[in-house]
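In the two complexes below, subunit A is the common chain; its partner is subunit B in one and subunit C in the other.
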Partner chain A sequence: MNGIEVNNVTKRFGDTLALNQVSFKFEPNKIYGLLGRNGAGKSTLLNIITNRLFPDEGDVTIEGLTSAENDEAQNKVYLMSEKSLYPDSMSCREVIKWSGMFYPNFDLEYAMEIANQFGLDINKKVKTLSTGFSSIFKIVIALSVNTPYVLFDEPVLGLDANHREMFYKLLIKKYSHSPFTAIISTHLIEEVSMILENVMIIKNGELLINESCETLLKSGYSVSGTAQQIDDFILNKEVISIDALGGLKTATIIGAVDKSTIPHGIEITGLDLQKFFIKLTNEE
Partner chain B sequence: MKLSTIYKFQLAEHKKSIIVFYLVIIAILAIVFAINAVSGLISSQNDFSIQVTGIDLAPAIFLFVCGLNAFKENFQMSLQNGISRKSLFVNRIVVDLTLAVGMSLLNQIILFIGKSMASFSGTIQYSSLLEKIYGLRYAGHPNGLMLYMENFLFYIFLFAAFISIGYFITVAFYRMNKKQKIAYVVGFYILAFVAFPLVDELLYKLGIFSVQISEVLLRFLYAIMGVSAQNPYIAMISLLMISIIMRGLTWLLVRKVGIKN
Partner chain C sequence: MQINFEDERPIFMQIAEGIEDAILTGAFAEEEQIPSITELSVNYKINPATALKGISILVDEGIIFKKRGIGMFVAQGAVLKLRDKRKELFYEHFIKRLIEEAKKLGITIEEILCMVERGYEE
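Take a look at the complex of A and B:
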């Protein structure tokens, strides 16, 4: 009964079907990437797991406990949402203090340490934080709550490259030190693909892919070379994207690679997850 | 642990405003007594008199406003920290009862101090609202223990009712969309301040009703507040019922409310 189980969840907003009979399981101690285009239903799903919204149909269990209106189940999960739910008039320091009271395993010392690393002024009021620092502030709390399941909804929104790297490093460090389930909903697929163990892709409220990142990356490859070489090579292959620059071309291909058939001069690299994602989620 | 934390969190948000409120009340009373003292010095006449009545009702208005501001932030903070709607709702009632009991107690202390100072000055008449409404009951015992006891109980129920009404309104507004909010505010204003007085007056003047509806409502209010019977316990029961009804309606609105973007 471990993990978060989502069973046949459907959610509508008026005429919009945000989630349609979605079922899957988040296993304990894994890092998941929850990917999907805008409006795919990612945030709705995370909000349902954390009791912020009720599903129209279906249910969610957290370690066997019903998630809806259950304090015990909700005690095991934390959602860092895109929208801040903390009182605007409070300072970051006050919110961190209260978070420490709400979550018994909250690491106050660690929160202060990483806030300092990110350069977050914890005396500032929540409402005065820029988009980037608002994300940092929420990251600080999310990495300090020490719940078995931490859900990140667009965690790097507004963050510069340095802060994004810092976040990924801290997440990996924390995960290595004491594993937990991290579910990262993001658009920055290329960046996050390095740390993911499992990938879930949602399209129009339905689960399209639920695979280990390794399996997914093995499902295709990219080839680069001169335009003529690539054009010849991709004949009769399932090509999901082609990029051309000057006389050079790069093609992303779905299928197993047979290295013995690769002509001299063509370079092979792993599957570009972002291109794969774009191909999968493009509207027909 | 989380449950006591959400109780503390909700209570803490009222701390500053309560301090400011009582500072204002103390300042008003200080000004009244200062004016009285100065007037006594510059006037040789003894007929100068100040009446202080119903200042003990001010916390009810204050708590009504507290109720109006007590939902959105607490609800969001609860969901962010894994507190269910049910736990928030139950803890809200406990917070409101704490506020009602605490402020009723403070009311009695202020009443006692006010009455004591008034008795020294001789030119100030200081009385509670209860003495005005149930004058016959307390006639001849302006400082009796019964007055303070009943005053204390009465204000617990009154404050609890006011805060529950304020809380219900704010939850109802949270559930409404923009159009519904406008329709509600405009509709309420038209109904209460235009349509009702007009209909009331017309029906009476045209002879359809022999007594005005407002008069009937006033009599009903007197009855449920125990004014006619000069019994504050009737009012306490009525106020308790109002609180229960408001809480019941609030729960119906809260139990399925989702987060708003």
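Take a look at the complex of A and C:
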């Protein structure tokens, strides 16, 4: 049994239903995007997989092993969480070395190398790091643990554009050399979408979409042209958003594009995932 | 080579076409090594599976070949093969549309030929 299986997991916090009978599977050696608005249940799900929270109903298995209170299963997974769980008084260097003792395949040399690339001063204490460097520090460890499953919870929080790019490139390089399962929870969809193989969208504790990124991108398209052209074109089509700028209009449409029906002067572009996501996860 | 993420064409097709263009312009010469899947995916920040899918099209068409453990290379005769393929597409994409539009505007063959000559001279 390969992969991580989530079976009918339900989790309540008081009156709030954080996860409602969620079932799906993370296949091995794929890069997943776990998308959802704040409070959708992404972190709850990742915390249940890594045994930091217990589900009220259902269970999770990691390569066939039950994940709850099971060291053998948990040794296969690493969660880079939003919260820092490291002792504040330790220096980055100490935490990195200490991680090496807990994870047998931890690559100390690689950790030092990418910390240096990111410009992280490893002599600093963990608590003195800025938001951005705190994320970088956690990225350095997550990319060095070499567990078969690495869960990234909001990895690019507070990172500037250069550092985000570095992270994406390091992730692809790492994955390309030795494939592993990466699960990235984020709401910055646009910049991460091309890296993902599969996309999962969670809304109000339920799994709304679990699809390959390619299929998802093919599920719709955008058209732009003059207001009149667009108004005529979108008749009888499922339109999820319209933006007007002066006499120009852009519409995002769900459905397959039939090029022969596109009138002259209308420009087609690919599906805008961010718009698609906003539409899907909007509260009605 | 440019990847346009807003383009309606899938990324793997753009990768394949980008490499074709590079071969046609001589940027990647025949028998020469081309960037690896890792290099392509890191450079364009795309999933390696996507890059692989693009490359596989070219491998299937005999434009690119793999040397186990070494890398990927441009096949001998790739330029000729690509020219033939692109010429066929040129007819489909440009000539057919040109004639369609010309008919709409009542432009004769002679006039088109004159315009083509003018275009070449400019």
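Assorted remarks:
Note that the second predicted complex is superposed on the first by the 284 of 284 C-alpha atoms of A that agree within 3 Å, B and C clash if a C-alpha of one lies under 4 Å from a C-alpha of the other, contacts with A are read in each partner's own complex, and residues count from 1 in each chain.
Everything below uses one rule, namely that a contact is a pair of C-beta atoms (placed from the backbone, for glycine too) under 8 Å apart; a residue touches a chain by one contact, two chains touch by 3 or more.
Here the structure is a predicted model, which is why all the values come from computation and not from measurement.
In the overlay built on the shared chain, the residue A:S176 is in contact with subunit C alone; subunit B does not reach it.
By the touch criterion stated above, A:D258 is placed in contact with neither subunit B nor subunit C. In the superposed model, A:F102 makes contact with subunit B only, not with subunit C. Of the two partner chains, subunit C is the only one touched by A:I195; subunit B is not.
When the shared chain is aligned, no partner comes close enough to touch A:D15: not subunit B, not subunit C. Of the two partner chains placed around the shared chain by superposition, subunit C is the only one that A:E214 touches, whereas subunit B remains out of contact. Note for the complex: subunit C touches subunit A at residues 5-11, 37-38, 41-42, 44-50.
Here subunit A touches subunit C in the complex through residues 31, 165, 168-169, 172-173, 175-177, 193-197, 213-214, 217-218, 221, 257, 268-270, going by the rule given at the top.
Listing the residues of subunit A that touch subunit B in their complex gives 47, 50-54, 69-71, 74-75, 77-79, 81, 83, 85-87, 98-99, 101-104.
Looking at the complex, you find that subunit B touches subunit A at residues 1-3, 5-6, 8-9, 13, 73, 76-77, 79-87, 256, 258-259, 261.
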